[in-house]
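These are the structures, in structure tokens.
Here chain A shows up in two complexes: once beside chain B, once beside chain C.
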Partner chain A sequence: MKSRDVIIIGGGSTGLSIAYYLSKFGVDDVSVLEMNYVGSGSTGRCGTGIRAQFADEATIKMMKHAEGEWRELAEEIGFEFRQTGYLYLHHTEEELNQYRQIKELQNSLGVPTEILTPTEARELCEPLDVSKLTGASYNPEDGKAHPFEVVTGFKKYFQEGNVELRENVKVVEVELRKEGRLKKVETADGTYETEVLVNAAGGWAPAVGEMMGLDLPVEPYRHQAIITEPFKPGTIEPMVISMKHESAYLTQTERGGIIGGVGTPEDERPTYDTTETLDFEERVSRAFTAIIPSLKYARILRHWAGYYATSPDGNPLLGEYKVPGHYLAAGYSGHGYMMAPSVGEGIAELITSGETELPLDYYDPERIDRGELRDAAVQMG
Partner chain B sequence: MRVKDHPVLSFPEREEITFTYQGKEVTARQGETIAAALHNHGVLELSKSGDKLRPRGLFCSIGKCSSCLMTVDGVPNVRTCITLAQEGMVVEKQEGFPDLPREAEPLEPSSTETRETDVLVIGGGPAGLKASLTAADAGGDVTLVDENPFLGGQLIKQTHKFFGSSDLDAGTRGIAIGDDLVGAVKAHENIEEMTGTSAVGVYKEAVGLYKNMEKFVKLNPGKLIVATGATEKMIPFPNNDLPGVYGAGGIQTLMNVHGVKPGKSAVIVGAGNVGLIVTYQLLQAGVDVQAVVEVAPEIGGYFVHAAKIRRFGVPILTCHTVLEVVGEERVEGVRIGEIDENSELLQESTQYLDVGIVGLSVGLSPSYKLLAHAGCELQLNPVLGGYVPIRDQRMRTTRDDVYVAGDASGIEEATSAMLEGTIAGADAAIELGVGGGREEEKIDDCLNKLKDLRAGPYYRELRKSIQGVEIG
Partner chain C sequence: MSEERAGETIICRCRDVTEEEIVEAIHQGYDTMELVKRKTKVGTGTCGGRTCLPLVQRILAREKGVNLTEIDLPRERAPIVPLPIRYVAGEEGRSSR
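On to the complex of A and B.
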């Protein structure tokens, strides 16, 4: 039986990022256990976007910090973080005014969001139909990164250090000591002794929780996305968001495909079913062509589904939880990928020193047990 | 270049239309695809590839390979091999990934509709035509969908007479069988034909059909019969992507449907039946075939087909392979060479052939993707050409409302495709309760004929492979 300082369950952006920062802080004796392959869960199915345009102080701080880290990670690990901005389209005066207030909050925390006129919005993305817009919010520091470049970048990075990354290894049991501390993590292929366990299993976090007798407040909601055939790259640079059109988000990948989706319907129930639906294809087509009419010429090339692993208040659950040495990093409700560097750094700091300057307190999982629900962060993109 | 004085086919004069290509006016025959019309005028390069800006020309000619994408009337990525040329069309070459138009009219709210049908048949080749006719004869409402602008699949491109016993259409040319079946489908009041229509997915809610880039139809069938045929396989050698390298079926479409000669001289790669037949068809169209190159030590196709082309003096070079295609913008020649039993090249054997056409007939892969999307269980089966669905003798897949027939169930030929289509159509009618009573009889008859067709030592491997994917 191997003994490891830290076992991380889940090889998505969260788990890999936590392992990266732990090794930065000198904890090399780390194993990441991924039941499938790296990025095979929500990470590899996400819309690729990274933004600091949120409406609450904690999330803005987390994402402002994350964007700085994304830049450095891109350099060090070798992927592209393309800071092409997020462009929120506004369709009424009321919406515009609401976002003016949000902009003030974002500016006060160092996020350089600006309010654009419809004409200025069109200069950023020529094919946009701006005829019905009252304005747009734009943060040039927001951007996108290809999830598979990111996870394979981490994978290569770990080949040189002591972080052990194992794919196709499923955790089957977590054993606790009598006094309630962690003892062993048993996998389908070998057992580890550890005192620190990180649950970064995304949509499967509740199953890991169950192994410790915990009923985690995380539920998987199917979220679908599409990508079209490629067009000349550089045509749709920003991530374009339109709340009016079913919370649609869309952007262009570096190869040229238009990637994105629309919000989860209100009557959707938690499910592990990732079958794609014709209903989504129709909704996404209507929304996208309303935002950019010429997208009616774009054929959908692929269509897939992943999970928004959702917490009761739509905010992540981050920190040590119930079992000493058990850290939860899950329940992002749709923006875990973009937040990964801040979560990685913050959780690694909690594990190594017990404290962090990042506002992880705000996401303390015990808030749910205490009934202190936060305002839901806007879930899209 | 038009085909002149064909021994079997005639191409009657049709109305001439005019469209523009790169700002210049070009002519086309009514009913001809854009790619065929351009080919006739010597335009082989239709676009430059997305990433590396390599020249791209016609390859499969049936809308499956995306090698012929052009911008038509401002719409990017139009498959010009299955889009008919029309008066006044504006056709432009794409240099790399195309521009997304900056302006467009909004999508019409009426652009989708929801419908139902007893039987949906996807693919209008031999299997799909027979499936449609059988289900419709039994009294079912049938919708027959095909991406191409006309029905018939590969059947309407076969100028040779079929073999076998006379009740299997032996002695009749494929093209005549095809015309008969297409005529019967068009005349049948229970069959609605939707050509120019792509089936984009088999969803829980319905099958998604995209018609002429204009209308999205959500069709709810009682039974679905997938008869999507196959795609040409490709082999690796330098410049295998240059215009002038065609799939064998691509050449057939160009010559035998549109009456356009693909060029003056050719080398055919692969001496299976398709390679031998397309060689003979090239000779019929007046193209000089310099050699048939076959990597195996023996000819794979029937002796009769090989003898026919030998009579024309075309050498069939076994143990030979393509080393490279030579050319910048199109095929200018090909280097071939002989290999020994260890697949090592015999250096002194290499030779250069000055040809403009390299026709690949190196096998076909079943077009299984809709079956995969439908959740049908698949098996990788090399003898049958690739992924094929598990099914029973009545062509039912592991989803009881989804059938398969023809090459999509495993690569064989047109006769077996027609028999399988009949079985699938008849069983679908019985299951839907619309059968007129003769369907069981038809199924028994077809099962017997399939057994006869697959008899003999030549088909031992095929029989074994089919047994391997059959259940119940």
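On to the complex of A and C.
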């Protein structure tokens, strides 16, 4: 039986980031256990966007920090972080005024969001229909990165260091000592002894919790997305968001396809089903053509689904939880990928020193047990 | 196929992926259908992989020295053919419902 300082369950953006920062902080024995291949869960199915335009202080701070880390990671592990901005379209005076206030909060925390006129919005993205807009919010530091490049970048980086990354290894049991501390993690292929376990299993986090007798407040919701045939790169640079059109988000990938989706319908129930639905295809098509009329001539090439692993208040669950040495890093409710570097650094700091300057307290999982729900973070793109 | 010809052979016509690129990806460890697809983009063009994926299946079986039946095809995604957004969106001019 191998003994490891830290076992991380889940080889998505969260688990890989935590392993990266642990190794930076000098923790030698780290294993990441991924039941499929890196990025095969929600990371590889996400909308690729990274933004700091949130509406609460903690999340803005986490994401401002994350964008700085994304820049450095891109250089160090070799992928592209394309800072092409997030452009929020506003359709009423009321919405515009609300976002003016959010902009002030973002500016006060160092996020350089600007309010644009409809004409200025169009200069950033020529095919937009701006005739019904009252304005737009734009943060040029927001952007996007290709998830597969990110996870394979981490994988390559780990091949030269101490982190052991195992794919196609499923965890089957977690054994606790009599006094409640962690003892070992059993996989379908080998057993590890460890005192620190990180649950970064995304939509499958509840199954890992169950192995420790925990009922985790995380539920998987199907979230669908589409990609069109490729167009000339540079046609839609920013991630365009329209709350009016079912919280639609869309942008262009580096290969030219238009990728995006719309918000989860309110009557959607938690499910592990990732079947695509025609209803979604209709909703996304109506939203996209209302935002960019010429998209009606574009053809949908692929349509897929992943999970928004959702917590009761729509905010992540980050920190040590119930079993000593068990750290939860899940429940992002749709913005885990973008936050991954801050979560990685913060959780690695908690594990190594017990404290972090990042506002992880705000996401303390025990808040749910105490009934202290946070305001839901804006959940799209 | 002769060694010299490898690399000149286009396997995926939509994405211009050659046999050499696929073999290279397999030897770098992208050795399942799912991974070859993600790494090289083979099968993600307008034909949806109809032409190329059975060929990739053969290349994978050959390079890994296993039976063809042991190589799973990736999950098929909707739509079956590229679908113009205006057909799905309904009548022109109709915006979000």
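The rule is short, and it goes like this: the second predicted complex is superposed on the first by the 381 of 381 C-alpha atoms of A that agree within 3 Å, B and C clash if a C-alpha of one lies under 4 Å from a C-alpha of the other, contacts with A are read in each partner's own complex, and residues count from 1 in each chain.
Going forward, contacts are C-beta pairs under 8 Å (C-beta built on N, C-alpha and C of every residue); 3 or more make two chains touch, one makes a residue touch a chain.
Just so you know, these numbers come straight off a predicted model, no measurement behind them.
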item: Chain B versus chain C as contact partner of A:Asp279, first or second or both or neither; value: first
item: Contacts of A:Gly256 with chain B and chain C, given as first, second, both or neither; value: first
item: First, second, both or neither for A:His245, with chain B first and chain C second; value: second
item: First, second, both or neither for A:Lys232, with chain B first and chain C second; value: first
item: First, second, both or neither for A:Asn162, with chain B first and chain C second; value: neither
item: First (chain B), second (chain C), both or neither touched by A:Pro127; value: first
item: Contacts of A:Tyr37 with chain B and chain C, given as first, second, both or neither; value: second
item: Chain B versus chain C as contact partner of A:Trp304, first or second or both or neither; value: second
item: Which superposed partner A:Thr289 touches (first chain B, second chain C, both, neither); value: both
item: Overlapping contact positions on chain A, where the chain C interface meets the chain B interface; value: 229, 276, 278, 281-282, 285-286, 289-290, 295-300, 303
item: Chain A partner contacts - residues on chain C that touch it in the complex; value: 32, 34-35, 38-39, 41, 44-46, 48, 77-79, 82-86, 88-90, 92, 94-97
item: Parts of chain A lying in touch with chain B, wherever the complex brings them together; value: 126-127, 129, 229-233, 235-236, 256, 258, 275-279, 281-282, 285-286, 289-290, 292-300, 303
item: Residues of chain A defined as touching chain C within the complex; value: 37, 40, 44, 148, 152, 228-229, 244-246, 255, 276, 278, 281-283, 285-290, 295-304
item: In the complex, chain B residues that touch chain A; value: 50, 75-77, 96-107, 112, 200-201, 203-206, 208, 213, 216, 218
